[in-house]
């Protein structure tokens, strides 16, 4: 059994991977083939099925775990897996096969608890705790990417990005004492909460219907409104406002909302290779 | 002698301030008057000279220290000083009368030294040290704003902003190990170096002719090129690149340059009241 | 007692109006004065208080009904009221003095009921009915403008605009049978519902704190979510989506959402004088 | 003989279609093939010629009617016609084979006459009548799309879009009495007149040389100027202005021009599937 | 009689000028006054009427020639004329009093004839000649500015700009032989022809009603279409295209049209002081 | 031996060309091939290696001169060379094989000397002479394109573009006497100087590492700063400013800088085929 990051050119491989995407295409001279993206916790690799397409295509769907036999070849400077045989592997959990972050999730969970405990405003801390203390939310943070096809696009990227943005915001509140640190920290910890409702399971992370129509920003606001009943109206509005505009700098009406916008940008950029970098 | 931040409505005041701006205007019914911005380390106040304009106008220039006798009145929710008598105060240093930052400059200087010492790459540390160890540069950092008419627009704002951006970049390099922390930290510490050549003395901080034509970005690059002779070409180009694009995100070709752009934005935004905030 | 639309140059006037805005300014030669916007159901006029400013300023606030004695003069092609005496008129209802629309509100209410009854989808009709059948909502539609300082900026403008957009959407569903007419009509009738929570009473229509931070779009979504419990998730998401993007065409994911955006634009433009029109 | 909308997978087909586009491509391994878009009044289908390419290519041109023998296959969720034999069918009229609108053209022609008769301003009505009463113009409206490769991209789309925009404008003039309804309705009916000169015959609708260089907006203005001699200068300028800016909202100087711009947008959007709709 | 460019501070002046603009304003303490822009061929000066406003205002209109008695004062670094007496001077021609260009108009007329004679394509030369040889067009070129409130904003600016753009285009055709020089030169000479219909007489140069609604680009196209009957359709379309897009680079479909756009920009920029220049 | 511009369909060819680009691709059915861009002074042609790919690929690199045997075929309206045999030709100089300009380089060199001699300001002329009189700079101007993948993308394009922009600027200084002609001409002659450091040898013209990070604008400024020591600070700043903003019109602070920006645009556009031109 071969981890994807260990695959090397010209090797014959047998492994269990998850199918992150599957498209049926056709060569210019009329033959059908399958173009796959195969993943496991160690990485990603393109796969191609050139033969027995009709037969093999029927054996698995996008999102399935599969058992694959093939040969690794080099194409345009990247490795590619020429698949000889492939079949569903129902005994494996495809969600557990999604590419994982490199950082230690327990350490990140510890940071998250630490940051949530830094909030001194009692009701804001309680509001944040109602999410951070919810095991199903915590499990989703470790499972999901921060932005599929964007930055932190691996399982646990959502946890990593949440901790990254909140860490930056905590630092900023120390550098700039005029900022309301409790409000800023709470908003940072909850800003991408809506992702937990917007996205389906790995390795595909397909948007739910609600996710596609309403987006993670509105879904996050709805979640906060449902659980933040203890907050006074004014603090709740401030918190919702900062979350609401975290993708729209011009709509920011408070310093904390503007800062959250830019901290979110900064952590995303720091995790992304710029255009033109070799 | 009255500090500006202690002025109150309906009080008669005598004080020594610096003239941050001076314009001669005329009322709609034909009378000339002077509109002044007066400053001292504690703050700013508008001043108006309604009488003896011809005489008083000849006594002082923009940028001078002046001795003022007047009365504080309220106009559109702000205090204003109605000037009865004003004359140059050549014994006072106008640069020392510019509004000052509230944070302790010695503490900030300590942070600056600490951050410069964090650089482990020997030649980058030496390049940074050639500026951070230069007493005239250090004096300028404590004297100048980061961006006149923009964020951190008081004496020492340049030191405060430099420390703020470098602190954020140091934090980011810890969250994102892929970033080259020495390069990022060096670029952060030097990114606004050109301000020391671009701007004249307080309280006016007028652009020099070179400053107006070449801007602080190019002037900073020139300074680094003059002193960074010890650096290998490749590291020097990386450092210059990050400084060169710190106002132009799309031109960034390296992760560190992109991160510096956004860290600079973030610290500036955190120091600025957003539009619409009451 | 003089209606504002009947005021003529060089006439002495006595009337009861509401104060839509009040600012204390000062002439260039140092005298305070009050700049007012006075309104009644027939129109608007600028007012100026040049004398006894201290005394008269203390007698009333922005938003009050006032009794005014003054003289109408012409200034830069517009009439202006030079106020000689002014005092609060607590017996009058300032909300009832806001400028009113010219169209018959009962007729518009009839159109609104007719359009709401056109929806054949049972649960969408019920959702719309929970708002259209709510007397307090109906009263707000007749009291509020559609967009203060924008289009339909008079009492009842919200009702007029809601009927206008829904009428256009009904016509469009007939021209383009592919559109889902029930969804489109329901979204059109509810698209500006959040205004009823965002804005305070006339004639000032000041944003509430929540209104300033969350905006009428989000406040409308929250209202619909609270009352649309009977809708299946999918229909609710479609309805919320169309309301959510009615100011952001690029975010539209359905034909109905895109059409609502443009119908809203079109009705607003049709009610507004273009730049440059004499 | 098989209508395109009735074609089904795995069926052998014989039919007469028009060639909306024809490109000679080459497979990656060096074999030439033809990629066709075939149309008839019921729809569109992609065609591929894999064999005897040299021979078959010489038999017909883009825009011709052709007799085709082939087999329908499914490729990437869409049907495609694998062509075995193809030859020109000179007895068929390719213009008559362009995809047609689904709405009844006689009914739309009736609406057009009704709308043109609604204009009460005598000379505007005469100007509009000089086009609406011209049989060659009427024939072109039934033959042409509103915007090739855009909205209403089928024969008669131009008629359908003209009626749609004019219907919306008539409704708007009723909702907003301040609009000059005769001017608005005339401009709506004539706004895309230039398409009749810009575009060649179906099914290709290729731009004429003049169409490519001058565009349908200018060509429409020229047509109106040639026939609107009876109009007074002022009304003619108003009419030309509204037509001239119907793709450029910022240039609108009258309410009617601004409304026409947005009504045109709205009808186009209502006829187009938004990005992201499944 | 004093030419405006010779006026000096503190001098009493008597002169005949034209009124380029006239507005009735009011001081903050309630007194009306007139704000004038007075011009003669040598320059411009602001004028103010503080006394006898009612009486003097009735004596002349914007666009009139006036006889003025006043005193020159300095206000905010500019000279201003305090008017003591002013009356219409019907014996003077206000158009002849508009500020004039500094270059010799006869020399420019010579260049214009030279450039028009450089066109070798017979029918293009004839088309251009039908305008360049028209005395009323030639008179307008010497009377009008190129862009009122923009570049070349003095009498004859239109002639100067036309010669400037055509000279650049002739040079470009020599540097870049691929350009069709006759087409480019003809389009350059005619590109602002529409100004002769768009603008009224100096010194006000007010847009005509047609000018406001149709703009100089369309009015120029109409003029060319009226006189270019001798041109073949293809050449005419190329010529019209280049003129049509001379304010819209993205619409250019030919190299000559793109070049004309940029040559027009360049000559306008070369005649305009940039923002920020002292 | 066949020059590329003389190649014709269906001919067998033997020639020595340079490899401007080389990519290894794969057909849809799995076979590797090489896609080449081959150049010689007379032009460019696409090449394809379908057979013996492994063997032939190892024989040469991008940027090499190669000896080729093949057959010319037509593909999608363009000629293409089907390569049968290819090998490095180390005796040929690949730089000398880059596509060359059509204009006479000696004539252009003459123009360059003439333009440089037109500068009357002694120190500006000396500064320009230090580059124009430098044989290695002159050789680079004849070797390099003005903008690889952009306008003037052939050997000597840099010389041609430099002469073109300077010629336009000289003409402009004659039309607009207010421009400082010496400054403008010097800036025009030096504006793209940085290209000589940014780009590697032909036919690939790959950016150096410094070129990629610092760009030709900054590299040009550095060169001028190194050699312009004789200039007074003020003139040097004006010269550097104009070069610095020649890609950023909004940053221009002087008329000469704004004019250089637009002259650069104009010469580039005049050398480029517009989108949509057949």
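By letter and in written order, the chains are A, B, C, D, E and F; residue numbering begins at 1 in each of them.
We adopt the following convention: a contact is a pair of C-beta atoms (placed from the backbone, for glycine too) under 8 Å apart; a residue touches a chain by one contact, two chains touch by 3 or more.
Source: prediction; values computed, not measured.
By the document's definition of touch, common neighbours of subunit B and subunit E comprise C, F. Of all chains, the one whose CA centroid is most distant from that of subunit B is D. Centre-to-centre separation between subunit B and subunit F, using Cα means, comes to 43 Å.
The mean-CA centres of subunit E and subunit F are about 40 angstrom from one another, to the nearest whole unit. Centre-to-centre, using mean CA coordinates, subunit C is 61 Å away from subunit F. Residues of subunit A found to touch two or more other chains are 25-29, 212, 253-254, 276.
Every pair of chains meeting the contact definition is listed here: A-B, A-C, A-D, A-F, B-C, B-E, B-F, C-D, C-E, D-E, D-F, E-F.
Every residue of subunit F that touches subunit E in the complex is listed here, in rising order: 163-164, 167-168, 171-172, 175-176, 179, 252-255, 257-259, 261-263, 265-267, 269-274, 276-277.
Those residues of subunit A that touch subunit C in the complex are listed here as 209-210, 212-215, 218, 221-222, 225, 233-234, 237-238, 240-241, 244, 251, 253-254.
On subunit F, the positions that touch subunit D within their shared complex are 26-29, 31, 33, 50, 75-76, 276. Remark: subunit E residues 24-30, 212 touch subunit C in the complex.
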